[in-house]
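The structure appears right after this line, and notes come after that.
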């Protein structure tokens, strides 16, 4: 163990691999020292556990209705978070809903920012007509009212969770592109980039190895911030008939259908709202922790 | 455990602490004393021309700005009363109707009301041929013959039908909004490109009604001002303002605060929440909308009679009207809404999962089957659909809901592409024929016939002998016999068709306690503002 | 490859260079705009809602439907429809809404000022609270101030807007009576606004001030404050997070250390030197959030009965009112493009590095 640690912490690594792994290890150490980031990681871990073991954890069937047990307040024996308008246990629905939520969030978080980052850095670094064309395309998508774009996708693809993910990804990549382009513009002419170029690095390597990492921190922050938005957007799509279809429990949709009851039965919409809050808090804390680790500028401090 | 409305959530405890000491009563707002302020959803309005308006909110305005020859009395449901005609008569052969005009009535412009105005207004409906024109056109009027068939003769209007109809049917159609009498001189003075004033009437009124249209802002509001010298006696309130307030909770707050006088778009939950408030009252009246499931009869499974019967026994009619849609829906298993000639109040079907399973087994589906149901994605329908999905599921019918925008779901239905679809239907004019002719009449069930306006055709259901029965009932001149005919065809329809009629909508109107004399119009008429007063 | 790769060969004259810049901006604008029109138009045609159905009503016969389709020109080939549409748009004619039966341009002129009013107040609110909060958090990372800013911001992000809106109405209108309850002015003032005050800008706060109707102005303010605070909360959450992140980066730069070493007061280092540089990326962030608000928020507008662009486009969309949807998209698109161009220009003015 000691030797492994020593190998990892070796200030003068003997190989590229050792350097990379060592860096990751140091990052992990930094990450671990940050209690908030750890809390975030715990929340996300909890979400994953909930999703994986939903049938074992949930006290009730999330779909079975019982109209005689509707709108029971939280704390009613057997219904920790109360019941909804069809007498379904809200806690069980939230636990099962974590599956859908996790799926949507993961898929969107993987696709949209990466695509936006790629477009933005290439545009910003290349400049000229490449920049013009890419940014015009970005502008077109950015300028689109999101709902219309989403509905167009229903038309072409048909409803379903996968298409919901696609629709959200398609409407959310442009801000990443614009943001990373802006960041790229500010670092493009920096001395260290010039130095890398002098060493003979091609544009691909410059962008991938030296520009993208500079943009990572703001992208990661935006992604973690967007998580809650993604969950809520998924709910909006459900409303269009594009997202998750009832009676499948999905947090965002639970919130929208609880809207009608907000005045008199606050828990119906508030409980899933709290779930979204906690999870996005988790992602956010995690994101901040990751940022400190990933951001080359703050490394070593 | 129901929290005080004002705080809603425990999370606002801090804010609640801040409110201690503030006295809500002192901050009470009030509407102007001579204005009636109504909150409603009015984004359905397309036109305010009587010949074109056909939506719920638009016809409400027509009802208060125009009069027709014959009218319905808001105080005596179902009874025909004189409007601009003082008397009317029908010839022995049932073909020629004569209406004698009242004297001394003027339009809001000051022009006298003449038989010529009346005849021209009805001709205009046919000539413009907008959406509601079919209501009159079904009597045989065409743009070519209408000047011959509807004529002014001195102070009478003489109308000749192409073939005899039940007179009550013709009279009922004349009470609909499209038969409102417009001021020919004023309207023609505003004609553009031969449109007979259609464009101008979209945002102006030219009638004899108690109110005139002051302003109309689409999807926002409209204002009606009282006209002096209304022939029935001046309206009680000087102005009526209707605001488009889409959110039920907002309407409720405004009503509780006294910022509006009437809330017409409350959810049943919000109505229940108003219970026990001293300064607010709730009035309930049935509306004409029927909610039903249509099962495409082109579908091999759904066309089996046992499967349709299983559907009928697998809906929790009572559970839904007692809980999820309490106060908003009542059980209705015929195709005519309560209040119509021949409507049934029998409800033979109720939830019986065991029976539904037996029927499915008899049909050859002991393990049930899978099916999709399209539904418009407003909250009310989605709630209804989920409750139905649940009990159908218990019987073994696994329903996948396909929510969509209104026109999308409708398009699917008209193209006969649905499997199951949850739909609603509102009558077009206050006569049983309006629903009978669409639910139980289908002369040609072939795809090529494209009778897309007929529900039975859309659902690919051949009503068999019922088509003839509908044709017979609409010309039956004896009202009692006619009534029995509709009752009979509804029973057949209910037990043996591709439809499952389930509910009839109820209008829940919440009013400030000082408001009286407001009529929603119930199942057959539109809202009446001119009797409304505030004390 | 040399270090100074970027500088272009010297242009013949300054004037020519300027003209070229202007030309390229105009060209870019036109390209974006046309692309936007084209994509919207295609979408309008693939959406599975038949616009004819939406207007002729349930009862219409097949013949009536065909007649309406011909009258709307929907039976012509797609490229012809697109050509006609583009020609009309460049003549300032966005067509007639199927739903309201009025010129789309007129409809949008009615609803857009309402959205503009809300979005502008909300953005001002978001900037005024978000930037200081973000700076504060960045200068004390990891402290309780940082955490509070984070939690408040996050709460803004994960709270559904209707939840916040309705709760705000319940408390500030229902219980306290501090603000107006939906609509742009109260029903006691709405007649004055509608019939007595000249409609100059369509923005109630400006029109009533111009007319000297201060009671209406005050009432309008009472009605605008809550919805714009709700919307502003969201932009505050975003702006404060981004400010914090940019600021953290900036504060680790060497020139900051140099300034500190030179003995410059800390407040000057943060609020003048660092913030000035942070403003560059922040402008994009603010512009994006403002442009997003200008698209109109359907839910906020619904909860507060605010007759804005979001509700208009959504209504139109659900009724397949394609002229209105296209018109709305064109306007939203124009606003977006304009704001982005503006932020690009501001960039160049503010940031010496991005030249």
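Side notes on the structure shown:
Labels A, B and C are assigned to the chains in the order they are written; within every chain, residues are numbered from 1.
Rule of thumb we're sticking to: contacts are C-beta pairs under 8 Å (C-beta built on N, C-alpha and C of every residue); 3 or more make two chains touch, one makes a residue touch a chain.
Only a predicted model underlies this, so the values are computations on that prediction, with no experimental measurement involved.
Averaging the CA coordinates per chain and comparing them to the mean over all protein CA atoms picks out C as nearest. For chain A, the chain whose average C-alpha position is most distant is B.
Centres computed as Cα averages put chain A at a distance of 46 Å from chain B. Between the CA-based centres of chain B and chain C the separation comes to 38 Å, rounded to the whole angstrom.
Inter-chain spacing, taken between the CA centroids of chain A and chain C, is 24 Å.
Shared interface positions of chain C, i.e. residues touching 2 or more other chains, are given as 48, 162, 166-167, 170, 317. Contact with two or more other chains is made by residues 259, 262-263, 270 of chain A. Along chain B, residues 5, 8-9, 249, 404-405, 408 each make contact with two or more other chains.
On the chain C side of its complex with chain B, the touching residues are 48-51, 53-62, 64-65, 99-102, 107, 110, 162, 166-167, 169-171, 173-177, 181-183, 186-188, 190-191, 194-195, 302-305, 307, 311-312, 315, 317-320. The touching residues of chain B, counted against chain A in their complex, run 1-3, 5, 8-11, 248-249, 252, 267, 269-270, 272-273, 316, 319-320, 322-324, 377, 379, 382-383, 385-387, 389-390, 400-405, 408. Residues of chain A touching chain C in their complex: 34, 36, 127, 132, 135-137, 139-140, 142-149, 151-152, 154-156, 175, 178-179, 182-183, 185-186, 189, 194, 197-198, 217-218, 221-222, 225, 228-229, 231-232, 235, 255-256, 259, 262-263, 269-270, 273, 276-277, 279-281, 284, 288, 291, 295, 297-298, 301. Across the complex, chain A meets chain B through its residues 64-65, 67-68, 70, 73, 75, 85-86, 159, 238-241, 245-247, 257, 259-266, 270. Looking at the complex, you find that chain B touches chain C at residues 5-9, 12, 15, 19, 22, 24, 27-32, 35, 37, 43, 46-47, 54, 129, 131, 134, 202, 214-215, 217-221, 223, 239, 241, 243-247, 249-250, 253-254, 256-257, 259-260, 404-408, 410-411, 414, 425, 428, 438, 450-453.
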